[in-house]
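Look for chain A in each of the two complexes below; its partner is chain B in the first and chain C in the second.
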Partner chain A sequence: MSAIRTGLAWLPRALLLGLLAFVIFGPLTNLLLWTVAERWYFPHALPSQYGFSFWERVFSPRGGALSSLSNSIIVALLTVAVALALAIPAGYALARLKLPFRALILLAFLIPQAFPNLSVYVNVARLFYEVRLNGTIPGVVLVHVTHGLVYAVWIATAAFAAIEPELEEAARSMGAGALRAFRDVTLPLAMPGLMASAIFVFLESLDEFTGSYFVGAPDVNMLPLLLYSAGAGGNYQIASITALLLLIPSIGFMLVVERFLKADVLAKVGH
Partner chain B sequence: MVQAGTGSGFLALKGLAARYGATPVLSGIDLAIGKSEFVALLGASGCGKTTLLRAIAGFVTPSAGTITVGGRDVTHLPPDKRGMALVFQSYALWPHMTVAQTIGYGLKLKRRPQPEIARRVAEMERLLGLEGLSGRKPAQLSGGQRQRVALGRALAIDPEILLLDEPLSNLDQRIRLSVRHEIRELQQRLGITAVHVTHDREEAMVMADRIVILDQGRIAQAGTPEEVYNHPASAFVAAFMGAENTLLLAGRRNARHFMLHESARNAACVVHAQHSTLPDGPVEARFRAGAGELLPKAAPGAPPSGTLELWGEVLSTSYPGGLWRHSIKVGDTTVLCDAPRAFAQGEPVKLRIPPAALFLFAARPAGAPSLPGARPSAARKDSTPEPSSQPEA
Partner chain C sequence: MVSKKMLGLLLVLPALVMIGVFFILPLIASVIGAFETPEGAGLSNFVKARELYSEDILFSVLIVTLASLLIGFFAIAIGGYLTLGENPRAVAILRWLYRWPLFIPFIVVGQTLRTFLARNGLMNNMLVGSGLITPDQALSFLDWRGIVIAFVWKQTPFVALLVAGAMASIDRGTIEAARNLGASRPRILIEIVVPQVLVTLTVGLILSFVTMMSVLSVPLMINAQSPTMITADIAFRINAYGDYGVANALGFISLIITSTVAWLYLKLSVKERS
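Let's look at the complex of A and B:
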């Protein structure tokens, strides 16, 4: 009896793993198939004709994919630069100084996420019209920064908090000024965490739709907008190809995270 | 070597006080440390010794008082402008820097030319036995090697004052004993002024020219190892210096002597003038386990003049090595005493404590705080000893 039980013990685990694999890779396979499907009608399980003609359409000058892609990347890079420029001093202060309302301040960065995006961005768009930021890259960057800052600040705080203040004091004791000690000791040691925060912000920006739509479109077109209009128009091929483009940085991100992120940094996020 | 107590005051602390929030940690610290002097700050954990060191280093801002180095007021200078180097208890080595980068860091900050830095780093590595480890990072070093890298980093910049915050406490016992002597020898050879924080009495005794014993943020006593060991100024210092046997006796003062009255557990005894400041009434007698001579109760002969004789009964014996340790019931207290031979359990004995090993202190009036060991629950703010937290010998 017990032999049978142990003999079949692997079964639930195998089923669970299989289910998990299906949940993760099923949609991805579907997506990949759509990117190379020329024709795929309802009752058929697989496309009836394969080809790359939609890739040509997406990457043709009129397809707008390349300009959207470059817009998306420029905005994402600028967003990372601005968010880090704010998050490094903020994260350091939050980690080092015993601020009385530290937890509260950390929570405050969540506020942009706490309200429905639509109502916030409609108002932002109205405001930006008045100051002529609407339809400009700085406008979109600004919106993305408010959105990504929560990740940047939380992760930067965790990265700085993971560094023993004594390491910095040791540099001070050797004759380094406060800034020099920060540059020589704290910053290099916090770098893995800051890299992770940069990647998070980069991906958030790449993915962001609502703000890009209200503030950017139609003058500044971003990749998610292209994806949305293709999807809404029932053009699954173009939507899938765009989605695939968006997927590339995500996979790169996972590889980099695995390489750079230390467990002790992650453990301190939000503390 | 600089004579203790008469230091020229190269590093001088005057009325130094520090607090964390509303809690005072240090108060009224006056200390003058001579050039090339090695001073140990000794105390139980929480006595403020590390805070004092960090105040000297510039990482704690004093709430009152001044710190001067060679006559220059450094009280409000940042740590990097004080010409001191601190060796941390945790070593605080930079995980991303190699041994050579770490030792050379201070010189790099001083913009010394690269060849000079390389020469000095090599010299430090040779001095500290770190040859061949230049390219290693802290994670690839043993505890003892890390400790020496931390020391090398501090010594490389030729600091006027070397501050050591329990640098040996993370080393295992055997290495610790040899590193004590290495640091002491280096300090003497290089003529550095050093302040060393420790909770280890023996370490302080072995390394320092002068020991400063701290108790609850104040200096309980400062003096050479020999002074604080043989002439403790208070019951706290005596307890901290290993005189853990405590007896309450009564006595009376006359012009030049102090008379201990005879009681059921001790013979009358006249002690010499060094105790003539004791008031009439109860006194607290303290002595070390190794200080007394243990004899059978029936042994003939009177004790030499000035020697206190106690009568008691052996409770138990043990052999910690070298001498037999006896636990002896004297009246209602138990004392420890070493003897070259084992006495039988229950055997009546007499215990003779020579005057040099007997420390007498005015006993605090009944009800008032506080007798070491028997701590009343009453709140005690500034009262003295806290010997319940003893140093690990």
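Let's look at the complex of A and C:
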């Protein structure tokens, strides 16, 4: 009896794992199929004709994907630059200098994630409209920086906190100025953590929909907006190809995140 | 030393100003805007919001609550198996598997599940193909169920990641002791492990709750017809009528809902500590 029980004990476990794999990869497979489906009618289980003609349409000059892609990348790169320019000094101060209200300051960066942000974006759009920032790339960048700052500041703080202060003190005692010690000793050591925060901010910006929808559209077209309008128009091939373009960097990052975010930095996030 | 404190504050200030100007000010503007009417300050935006959207407000609360409960359940199940699982290979597979949706953007989740759950989507096609149902029995899940599925699909890994991390750091001694006394694994999970990670679990669920209350793309893509989520209504008021009053009133209502949830949590955790 017990031999039979141990013999079949793997079955429910394998079934559950299989079910989970289907739940996760089923929808993703469906997306991949749509990117190469020329024709796909109900109730056929699979597309009746495959091809890449929609890829040509997406990447043709009139398809809009190339301009959306370049807008998305420009906005994301600018967002990373601004966010890191703000987060590196802030993270250094939060990690090294004895700040009053330190916990409160850290929490303040979480505010954009802790309140429903839709009505905030609506009002940002309204304010930007008056100062002519609506429908401009700087306007979208400002919204994305605010949204991504929590990752930038929290991870930068953790990255600086994970470095021994003695190293910088040693450089100072050998006569290096404060800025020089920071630039030549602390900054290079914090680089993997800062890279991780840059990638987080980049992805947040690339994937952000609500802010781009209210502040950017229709003048600044970006990939999530292209995806939305193609999907709303019932063009599932183009929507799926755009979705795949957004998916690749996200999945790629998931697979390499542990290389950048070492356990010593990860343990200090939010502390 | 005072100058070092000042220097620190100066270094943090630009980032804080950013949050203040581009988030907190518009947030205040949205609260004030909710009470602004053509006749001066008043509640007419809320009266109109209640007349037009009370069903959607209730619907949003029910959907997000149901999704949160399911996310909590699956997160505990995943975290529990990662902590207590005895088969190293199954644990490794699960660890590799469950995280996939974490980094997939909501807008992609919306598109992916819209095609997957539709009446002619891959899910129904496979069920028909395997002979489990006939084509006439194929149902579309693109209503409230689709929204719940999308939220659970996307948010479970986030909460599970937090919960599994918290579970990994609790003292193994009590678990081993209970196991030696012959307690079953589900019992160890519910009576020993879950109580110790309750704070992490609730924080994760509250962050998820707020996220789901503000996601626009999923309700727009899966089910924008009434009844739908408050977020879709806010976008509709702005795009169709330029009606900032009612949009801000709806925003204020969702702010109250999320604040209530956070307040309940704070009250419970204070009670627990005293």
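We take it that the second predicted complex is superposed on the first by the 266 of 271 C-alpha atoms of A that agree within 3 Å, B and C clash if a C-alpha of one lies under 4 Å from a C-alpha of the other, contacts with A are read in each partner's own complex, and residues count from 1 in each chain.
Throughout what follows, a residue touches a chain if its C-beta (ideal position, glycine included) is under 8 Å from a C-beta of that chain, and two chains touch if they have at least 3 such contacts.
Source: prediction; values computed, not measured.
> Hey, is it chain B or chain C that touches more of chain A?
After superposing on chain A, more of chain A is contacted by C.
> So, A:L66: does it touch chain B (first), chain C (second), both, or neither?
A:L66 sits against neither chain B nor chain C.
> Pick one for A:A103: touches chain B only (first), chain C only (second), both, or neither.
Neither partner.
> Just chain B (first), just chain C (second), both, or neither: which does A:G26 touch?
After superposition on chain A, A:G26 lies in contact with chain C alone.
> Quick check on the superposed pair: does A:I248 touch chain B, chain C, both, or neither? Answer first, second, both or neither.
A:I248 sits against neither chain B nor chain C.
> After lining up the shared chain so the two structures overlap, which partner does A:L15 touch, if you call chain B first and chain C second: first, second, both or neither?
neither
> Residue numbers of chain B touching chain A in their complex, please.
Spelled out, the residues of chain B in touch with chain A are 57-59, 78-80, 84-86, 88, 90, 92-96, 105-106, 109-110, 153-154, 157.
> Considering only the defined contacts, which chain C positions touch chain A in the complex?
1, 4-5, 7-9, 11-12, 14-16, 18-19, 22-27, 29-30, 33, 87, 90, 93-94, 97-108, 110-116, 119-126, 128-129, 135, 138, 153, 207, 210-211, 213-217, 220-221, 231, 234-235, 238, 244, 247-248, 250-252, 254-255, 258, 262
> Touching chain C in the complex: which residues of chain A?
10, 13, 17, 20-21, 23-31, 33-34, 41-46, 86-87, 89-90, 92-94, 97-100, 105, 108-109, 111-124, 126-127, 142-143, 145-146, 149, 153, 203, 206-207, 209-210, 213-214, 224, 227-228, 231-232, 236, 239-240, 243, 246-247, 250-251, 253-254
> Under the touch definition given earlier, write down the residues of chain A that touch chain B in their complex.
164, 166-167, 169-178, 180-181, 184-185, 188-189
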